[in-house]
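Quick heads-up: structures coming right below.
Shared chain: subunit A. Partners: subunit B in the first complex, subunit C in the second.
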Partner chain A sequence: MDHYTQIQNQETIVSVSGRLTFNDHASLRALIRELCDNETKRQIFELSGLEFVDSAGIGMLLIAREELANRSKELVLRGATGQVKRVFTVAQLGKLITIDD
Partner chain B sequence: MSALPLSQVAGKMGQSGTERAEDIATALQGARVLVVDDNQVNLHLLTAILERGGIGWVEVASDGMQALARLPNFDPDLLLLDLMMPGLDGFEVCRRVRALAAFRHLPVLVQSSLNRAEDRARAFAAGATDYISKPINANELISRVRNHLRNRILVMSLQHYRRRREAELNLARRMQQRLLPRQPQIEAALAKGLVIRSHFAPSSELGGDLWGLFTDRWGRQAIWLIDFSGHGVAAALNTFRLHVLLQQIGAGDHDPAGVLAMVNRRLCSLLPQGQFATMLVGVVDPEAHRFIYATAAATRPLVWSEGDRVPRLGGSAGLPLGLTTRATYENRELGFGRGTSIFLYSDAATEIAVGNGILDEEGFVAMAARLLIETNDDDLLPRLLPELAAVGTLDDDLTALVIRRT
Partner chain C sequence: MIRWDHVPAASFVALHTIGLPVEYGRRLAALCGLPVWEAWLRAGRVGLEGSDRVVVLLAPDGDGELEESWTAPQVAWIEPGNLGDDAVRSLIDRALAKSLFVSLTSATANQVFLANRLMARLAQHRQIAKSRREDVELAVHEAISNALIHGNLQIEGFMGMNVTDLDAFSASFVDRLADERLAGRRVEVSFELDDRGVTVEVLDEGGGYLASDHPKQGARGRGLQLIAAAAEKVAILDGGRRIRTWFEL
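What follows is the complex of A and B.
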């Protein structure tokens, strides 16, 4: 997984690309800490460059949502396509996390 | 006080998985060193240095043949070897020691007055572990001997630790295998007109997949398949929990959606943050010729009848288990008359890397559909699994089930 972060209009946009799997555990943990500590309320994961997510990846997104919610911050998943979008749909992730298309 | 042999101390350390300084000191007291030198004065000197340095058991040999003869019985932890000896010299002793399987990893510390770089290179080529120059400095000698013994203790304790962990994982794997349906259950299903074929393969020693059968209180055959997120020991422990949980909740008293809802509520309090499970529970209604099922984000079931060219795909959207107590599940239905088969599988099959992408559900269904036409479903699993393996490496647990109504 690769990602870069930019802040605009009081929103943090994290563009995530590549594959999101168990191997990204450490870097996603660091990213979540960063998002928890920044100034903005709304954290957007821009996922149009993400090709693949496995069950561990979904788990980490859920952890991100929970930790951000604990700090009264919102997590939004945006622009998922292909396999990632199908997994979100099958898991009905939209019931737990705001999904923006 | 009689000291324990070094290997036993290492074994104890391996059991506890710890490395304490006092254990190493104890191990040195039990260490055996064989000193080989053709000069009696040297033998006495080296023995005295080693004993003063805390080495518990020193024996001597005054030539190469004697040294080799002593090896099997004395079983040293280190060989302190002179190079220049009449008869069998140190180089040859080294080579012969290394040729013996039991002593391939024995530390051999060579001591010699040959101090040219080529001599050292020759000694290492013959299998020496380390080299110390004559005249011997007592402090240097004892430091090197202790270092090599300490390494040996640590390596032995790690080997011991690893063997123990492997044995425990093997035991756990056999326990997990015993959770799977046994022959009597499969035969009971057969008596109800259902032929069940299965494949169950954890990706490592232990996995997070499990499947099972039960009969509901209306006497109908139910089948379930679960896939806990992640794999390895943590995921496997969850499969044991689930096995107990299904008995506790009396799965047979509920419809598939009800079973999922109850399992979900239990798992919400059991699973740590970020862990979850996907599951399918289905029941065969033989009178209405239906397969009634509910899923929590499981893969979509495939159904086909004899002569079909394309399988039907069941729906499968549903919240994974263990995320929110508010989740509800719905019962779905698929026509399931005589001569119809259902294929259920865990998502490892759709996550195989292919080039830059993956063999996703579409690719997998296409593969299965082609095989359905080419073969009868008795041969489906034996044909499908090698094809999957040929596509790429599975890096998750794979469970696949074919249920046919006769």
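What follows is the complex of A and C.
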């Protein structure tokens, strides 16, 4: 997985690309820390460049949501397509995280 | 499009070694009664038939990542690791009966997008709709991840939804991969095509588990749910060390 972060209009936008799997545990951990520590309340994962996500990837997104909620911050998932969008549906992720298409 | 769906388990046409000593490849090829890949090419057999199947022996140092290692006519990939010649030969014999076959150590399996490689290889022979290919790939990936993480490396997933669990997972993952005994345990994946679909089996060398021990929550449970969503049939065998799935294609 690759990602880059930019802050626009009081929002943090994280553009994620490649494959998000269990192997990304270290980079996801670092990203969660960065998002928890920044100044913005709304954190948007822009996922149009993400090709593949697995169950561990879903689990890590849920951890990110939980950690951000504990700091009164919001996580929004945006732009998922193809396999990623279908997995979100199967996992009923929309019940737990705001998915903004 | 070449079809090799109904190729009988006759033989491989050659043995190809990547990243291993030439002498080792020659010895194993002789043991199996096969020509080495280079000799087979020199004999003018460049016009590949759909039924030409090549078995690859891979070094553990990441050469398996090379794109061409995973394309036709390769159908079986075996990392000898610390196995003796007879054990490698017996894996080659097992691979004969399969459409595609992989046996890697956990350390190497962790470095390769194995499910992606295998589905790409499968798609060279059978047309599969993109969405179906992705769904089957996810299910195969989840089965391989379970075999690797929970089976061979004996790591519990992150059950809770907090960074403490994620940190614990990361720490265990690094520790267990550094343990040669665990990192050397093998993951085996086989694809067997039939008229209507493909049977995929994933084996590990871990301690196994009882389905009743694992609630649907947690990492392994979530993976199994995704497998069940894509597969028409799922069977957990050998005390949890083998999962057999069938996907309609």
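Criterion: the second predicted complex is superposed on the first by the 101 of 101 C-alpha atoms of A that agree within 3 Å, B and C clash if a C-alpha of one lies under 4 Å from a C-alpha of the other, contacts with A are read in each partner's own complex, and residues count from 1 in each chain.
The working rule: a contact is a pair of C-beta atoms (placed from the backbone, for glycine too) under 8 Å apart; a residue touches a chain by one contact, two chains touch by 3 or more.
Bear in mind the structure is a predicted one, so any value in this text is a computation, not a measurement.
> Here subunit A is shared; do subunit B and subunit C fit on it together or clash?
After superposition on subunit A, which the two structures share, subunit B runs into subunit C.
> Is A:Arg29 touching the first partner subunit B, the second partner subunit C, both, or neither of them?
In the superposed model, A:Arg29 contacts subunit C only, not subunit B.
> Touch check for A:Gly59: first (subunit B), second (subunit C), both, or neither?
Both partners.
> Spot which of subunit B and subunit C makes contact with more residues of subunit A, would you?
After superposition, C is the partner touching more of subunit A.
> When the two structures are overlaid on chain A, which partner does A:Arg86 contact: first (subunit B), second (subunit C), both, or neither?
both
> Quick check for you: in the superposed arrangement, does A:Lys95 touch first (subunit B), second (subunit C), both or neither?
A:Lys95: touches subunit B, not subunit C.
> After superposing on chain A, which of these stretches of subunit C ends up overlapping subunit B: 8-16, 62-70 or 152-160?
152-160
> Shared contact residues on subunit A for subunit B and subunit C?
22, 52, 54-56, 58-60, 62-63, 66, 82-83, 86, 90-91
> Can you name the residues of subunit A that touch subunit B in the complex?
22, 51-52, 54-56, 58-60, 62-63, 66, 82-83, 86, 89-92, 95-96
> For the complex, which residues does subunit B have touching subunit A?
227, 229-230, 273-276, 278, 297, 300, 316-320, 323-324, 327, 347, 351, 356-358, 360-361, 396
> Write out the stretch or stretches of subunit A touching subunit C in their complex.
19, 21-23, 25-26, 28-29, 32-33, 52, 54-56, 58-60, 62-63, 65-67, 82-83, 86-87, 90-91
> Using the touch definition up top, name the residues of subunit C that touch subunit A in the complex.
The contact residues of subunit C facing subunit A are 110, 113, 116, 130-131, 134-135, 137-138, 141-142, 145, 149, 157-158, 161-163, 165-167, 169-170, 173, 219, 222-223, 225-226, 229.
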